[in-house]
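In the two complexes below, chain A is the common chain; its partner is chain B in one and chain C in the other.
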Partner chain A sequence: MPFSNLPLLVYIYQIWEEEGIEAIETWNVGEQELEGDEESKLSIALDINSTCAKVAFVIISKSMNSPTPQFVPSRLSIYEPIHQIGIWGENFKRNGNPNTSTSLIVEVDNKLENESETTSHEMLAPTNNYEQEASKPIDKIQRRLAQNREAARKSRLRKKAYVQQLENSRLKLIQLEQELQRATQQGLYMGGVLEGSHIGFSGTVNSGIAAFEMEYGRWVDVQHRQICELRTALNAHISDIELRILVKSGMGHYFELFRMKSTVAKADVFYVISGVWKTSAERFFSWIGGFRPSELLKVLVPQLDPLTEQQILEVCNLKQSCQQAEDALSQGLEKLQETVSSTVAGGPVAEVSYIPQVATAMEKLEALVSFVNQADHLRQETLQQMSRILTTRQAARGLLALGEYFHRLRALSTLWVTRPPEPSLP
Partner chain B sequence: MQQAIPYKSWPLPCIDATSHRARSTTTLGHNGRGKDVLNIVSENAVIVLARKGCCMSHVVRRLLLTLGVNPAVHEIDEEDEAGVLNELGTICKGTENNKMVQLPAVFIGGRLFGGLDKVMATHISGDLIPVLKDAGALWL
Partner chain C sequence: MDKVTRLASENGLVLFSKSSCCLCYAVKILFQEIGVTPTVHELDQDAEGREMERALMRLGCSAPVPAVFIGGKLVGSTNEVMSLHLSGGLIPLLRPYHSMC
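Moving on to the complex of A and B:
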């Protein structure tokens, strides 16, 4: 056999078949060298101009040591070769280049049909068989083409499943990263608190916050479950009595959150107000450590159609009351800022000691706890009043809309975290 | 037409001889002696009792102002606080369930209405304005 003494290179190409088999390419052997795992690819060249489809595998074994060409095991799909090599032989002779490669066409015969995809360790002896094969019967060719299509289809399905798995892992990874980020933020935050603070106090603060974080994580999970239950219940048109139970537990769940916040506010009010325990998009809308009741009404009301005349009037009044209460609280908070600011800034700056001012300011800051409590109280009262105005079914829809809204805000935060990085300037 | 009640500045402290509640302490300060507090409360349609510099009283005041009511605000010094609360506790026995009065405290129509919590809740449920009207603090 002509090429046995020369070093051989293996080019294994693979072309994924799409539906049908079309003329792909005629490659010039020896000109395309592939890298890395592409070496495990297999190429098919097909000449559809002839009456019988001709498929040739060109496998050129890369083996510096072995003088004989070897069939490199690879993930071959089941391509049934129909061999004919006469044409190739001519190409070879033309392109023979002693420096780079010498290619050898190996005739792969029908045995491949029975091989498994991943094992094919048969040594194929290079043949000198360059004569034209008699054309196979058409139906056999058709069958082989069909098998090729089948194999390609299976490959595509596998690829799809793999990508799906990747996507799921990716989402999980993002969630973990977010949790980590939140923990880090809290760690940095706690670092600021711990600096120079009493060990005893910081111990309490730490455990209060840690407890809240855990509870809040659970709260969000339960919230999600409740939303799904509400959705199912509303679509299933269950009775009002059963719906009422869901509504009550939904409302109670929010009240539970306010209780949790009140507890942790006593430990560290800045933690609650900063909103670091929430996702970034939620934080954007934060007002005194939570959602703004008037915003809530804006989100809810469009979802509640149709409302009676009376209900529209009552909702209108509620919107106005909410706004007035919010403004009062906001102004009170501004006054607190002014007070703390002037206290901290007070006293002669020339003095080194500022302890009195800071100590006094500390006392005033205690009022922040009241603000958080009052804000949550306002949220609670607004929810209560809405439930008085609405029918059970409307209240259920309202709770669903509210829960879904926050859920989407959280999703927005997740999406934001994973946005592609800004392209760096050259 | 809405008319706000003007802020009332209450008179200098004077000893109420007819009061049967003898006060042991009569500290001479500017604000908040027990007896006077009672007078003040009964004399005003709406009055807010609060500690000095309390931001929550500011909140209550702002809210009432939005509704068209100009409440009297009586600031209590720290040293007078205990005495005043005591005094208030006696008059509130009938109304509240013997709880200590929390500051800031809102009095409407001479009676203890409640703290900021109560005011907010009542306002949200739409019942605050009727109460104010009844007390004569608001006219339509």
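Moving on to the complex of A and C:
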């Protein structure tokens, strides 16, 4: 988790309605290290004796060295108007002891991915009324805190939905750009003769691809959920019977992907082979439109120790058969490339009529769909053989390892895309 | 039907193929990798090729080529051969006919 074991600075700001933001307090929470998962609760005792009537909020900065935060607050917290804090001001100690009886619970979301996101904090309506009673009852405070937490939660869900929407739009954009490039290239090649029919055809291709992208987005989400379930289940030592259910649904999920790919391959096999539907790091390892089964075994086997002698032998044999099958398909594909290439290049170049070659080439390209299907079939068989060789518990660990591996590749892709630009040389 | 069955039982490992078919080429490479040599019949070079294609479809092949027969019995097309190989069943099945190939 990005924030564990990092010292943090907490900046308390106050907002003046017209005058913008001004820092009034910084509090070093360096001794406190955040633990836990995606959100951490940070208890802060505030000593604010200012007469400001507006709302305070908290920015978490990663760096001890930046006096002013470089980041726009990503998950805000704020939650109590200062005038209410001011009332209990006397109850707080200056050295920030979080164990005082009444503390302000501030929820912080540690994701820094959306540094440029505008604040989405919940603000309570500030009032100018200082004449409050001496203290509010504790349960009202608790209720308010619970409301704040709820509001924060809703905010996170909204953000998640928005990000998902952005992701889908991004994929659509990539696909459209690809489409455009193809159309332009084909337009040049066909010399405008068949361009009309191509554009008409790409209408149907579009919907097959768009449907696949939507489904694939959902597939990745479900995959992520399944991995988390597997991890929890394995750590909780649930029974083999229950584990078997998780394993079956995990396997089924992969088979579902192969079905989806088979459908979209019929619409546009080049789309599947290009791997444009995957993230860049995954694409780096791509073999005929997906992962290489023998690679998969290399990733899995170290995670499955200890294996019995029999299992080691069977996995070894499977690895070898996989390798041989992959070689056979790879060479078949090379042969296909040679055939298409010679067909397209063949015939007199002095003449303009290349239509006969094109027809033959089109026929040959149909075979590409079979190759993609065969490659997926190989992936499916590899998974099935592994589940046969392994015990239920080992299979569960295997699925977890596999899912986690792809998840990390996707994360790597995102990091790569968002890495800071290289500084220009002087 | 007769010609196909006859040819299929003439040798231990028989492959019906087409010289232009790249998936058939892949199956040939696979056999090469595991060290066996099939008897190959190229349907596009056989006068009765069309009839044989139909016969193979009738026997239950999803595609007429590639079609693999071991010991005169139909194993299937690429899918079946790959599955058989990954499950470790292909080589044992070929063993009795290894010398005949």
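Everything below uses one rule, namely that the second predicted complex is superposed on the first by the 224 of 426 C-alpha atoms of A that agree within 3 Å, B and C clash if a C-alpha of one lies under 4 Å from a C-alpha of the other, contacts with A are read in each partner's own complex, and residues count from 1 in each chain.
Convention: a contact is a pair of C-beta atoms (placed from the backbone, for glycine too) under 8 Å apart; a residue touches a chain by one contact, two chains touch by 3 or more.
Treat the numbers as computed from the prediction; the structure is a model and nothing was measured.
When both complexes are superposed on chain A, chain B and chain C clash. When the two structures are aligned on the shared chain, A:G208 is found in touch with neither chain B nor chain C. Of the two partner chains, chain B and chain C are each touched by A:E381. Residue contacts after overlaying the shared chain place A:C322 against chain B and chain C alike. Applying the stated contact rule after C-alpha superposition, one finds that A:S370 touches each of chain B and chain C. Chain A residues in contact with chain B (one complex) as well as with chain C (other complex) are 314, 317-318, 321-322, 324-325, 327-329, 331-333, 335-336, 339, 364, 367, 370-371, 374, 377-378, 381-382, 385.
Contact residues of chain C toward chain A in the complex are 20-23, 25-27, 29-30, 33-34, 78-79, 82-83, 85-88, 90.
Within the complex, the chain A residues that touch chain B are 314, 317-318, 321-322, 324-325, 327-329, 331-333, 335-336, 339, 364, 367, 370-371, 374, 377-378, 381-382, 384-385, 388. Across the interface of their complex, chain C is touched by residues 314, 317-318, 321-322, 324-325, 327-329, 331-333, 335-336, 339, 364, 367, 370-371, 374, 377-378, 381-382, 385 of chain A.
Those residues of chain B that touch chain A in the complex are listed here as 53-56, 58-60, 62-63, 66-67, 116-117, 120-121, 123-126.
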